[in-house]
Amino acid sequence: MSSELHGIDGEERIRASFAKQGLMATLGASLGSVTPGHVEIILTPSPAVSQQHGFVHAGAVSAIADSAAGYAGLSLMPAGRGVLTTEFKINLVAPALGERIVARGEVVKSGRTLTLAQAKVFAQNDGREKLVALLTATLMAIEGQEGVSD
Amino acid sequence: MSSELHGIDGEERIRASFAKQGLMATLGASLGSVTPGHVEIILTPSPAVSQQHGFVHAGAVSAIADSAAGYAGLSLMPAGRGVLTTEFKINLVAPALGERIVARGEVVKSGRTLTLAQAKVFAQNDGREKLVALLTATLMAIEGQEGVSD
Amino acid sequence: MSSELHGIDGEERIRASFAKQGLMATLGASLGSVTPGHVEIILTPSPAVSQQHGFVHAGAVSAIADSAAGYAGLSLMPAGRGVLTTEFKINLVAPALGERIVARGEVVKSGRTLTLAQAKVFAQNDGREKLVALLTATLMAIEGQEGVSD
Amino acid sequence: MSSELHGIDGEERIRASFAKQGLMATLGASLGSVTPGHVEIILTPSPAVSQQHGFVHAGAVSAIADSAAGYAGLSLMPAGRGVLTTEFKINLVAPALGERIVARGEVVKSGRTLTLAQAKVFAQNDGREKLVALLTATLMAIEGQEGVSD
């Protein structure tokens, strides 16, 4: 049912899938808000996810942005269909430095085979947000596999 | 000196910078061969870097590919200049599954301000290699900062 | 003066630069609205800009989207500075088919050296708009050269 | 038959499709060599394809690069299947200036649904070639439609 999908069950499906992504646990990332077409992933900067100047590594920024975009796409899929990231592009516009790094994924265009999603990544500091990265991803729908295949 | 740069000192500079990237240690990634314009990074698949189907997460694949491309760019920079990834794009063409995942970065075009680099990522299994991803990155030279700012 | 820049003179600079782009005339593209950080370019579908199925060719869609993003970036530059597109990425999400194709460029993040801009391309038909493409571009500021170097 | 496909008939199919792309004629672009997995498109610089500094416009460079990559993908498809460019990314590394601009497309990875192709664009001058752009494209196979849907 579409009401099921876009309601509690859709969110539960995403939370269950996220919990199985070993990399997200390794990075210390957590899921934020999950609504149809919009998913938030949060990362706390630490030496474990840094590059050599102490900023969060572009690889970690990309990982949470890619997952946020992928789960935003998944949030609009009917039960029984998963999504697979086939490609993404990310622009890194400022150093990822702050109390929290938040990736917000959203669906731009949902298609039968392909979905276009974006994620903006912000650094939060003293209650303010600064854009640090913009990701665009192509997701491919896959039958019979739940979840995001990042 | 350019001989310095492209010789042992250039490689040492890259190994020293890599050792300071907390994320690479967190992922369990290691540096492979380092020659002028070419750098290899190796990742061993494990649940810690997986997505929910057990493959290596696109975020981990991207992280080693981005670093391999960035260090390839750095390997051609004179001492005292670092590089910063300003954007990258990655196509994920097969599941990252195997004994070892190897990202091989190389410089396509080296410019004064911007350098274009690529990385191919392969899954190794039973002595064979399969392409799993192709990354293209734009690097910006930065004065007075050694290393790759991923 | 910044008031000069963002006022009539800024717009005139963009209209003068656009008029010198031979490709835009060849494609039959025209400038729409120009405001600080936002520039619109319009293309009328015809066999001259088509691919073999009669839709507007991705190359023509990309050309107007790239120019719209570039001029959006230029619209925020002080007099005497130009911009150069160093890379762009475009997702083509629906066939470019309709009465008019409109590319709307806007600046996402304006930096000293690099500016990140996007353009959305819409097909207009019967008073409705449909998204056909999304472009993301990196622009580099260049001193002493007016205009967009696409 | 695969021998048919990769032989004269495959090439003829591409030449017939190219001839129907109005944009290629408008730009004055022509097909060069066509072999399985590799297609060349040639453009002669002129004011009709320029930007305001007299170089070939990035939109025209992108158009021939995108078509070269698309036709390289098509050259490996069985009869009755076409390809559609779903997204591409291009890095513009030097001004497109010279006697001839040549885009060389090639297939990186051919898949059932998606094909990854690249095109390098060179400026030819006095018998020498200089890289001006690198494009990476995702192509989607489409049943029952011959040709490249750029």
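All chains are identified by letter, namely A, B, C and D, in their written order; residue positions are counted from 1 within each chain.
Here is the rule we go by: a contact is a pair of C-beta atoms (placed from the backbone, for glycine too) under 8 Å apart; a residue touches a chain by one contact, two chains touch by 3 or more.
Keep in mind the model is a prediction, meaning the values are calculated, not measured.
Starting from the Cα centroid of subunit D, hunt down the chain whose centroid lies farthest away.
A
Quick check: more C-beta contact pairs in B-C or B-D?
B-D
Whole-Å distance, subunit B centre to subunit D centre, using C-alpha means?
That pair's centroid distance is 29 Å.
Between subunit C and subunit D, tell me the centre distance in angstrom, where each centre is the average of that chain's C-alpha atoms.
Here the centre of subunit D sits 23 Å away from the centre of subunit C.
Quick one: report the Å distance separating subunit B from subunit C, using the average Cα coordinate of each chain.
Whole-Å distance between the two chain centres: 33.
Specify, in ascending order, the residues of subunit B that touch 2 or more different other chains.
Subunit B, residues with two or more chain partners: 86-87, 89, 91, 114, 138.
Applying the document's contact rule, which stretches of subunit C touch subunit B when the two form their complex?
Against subunit B, subunit C makes touches at 86-87, 89, 113-114, 138, 140.
Quick check: in the complex, which residue numbers of subunit C touch subunit D?
Per the stated touch rule, the residues are 17-18, 20-27, 46-53, 55, 57-60, 62-64, 66-67, 84-92, 95, 145, 147-150.
Report the residues of subunit C in contact with subunit A in the complex, numbered from low to high.
Where subunit C meets subunit A, its residues are 89, 91, 93-94, 108-109, 111, 114, 116, 131, 134, 136, 138.
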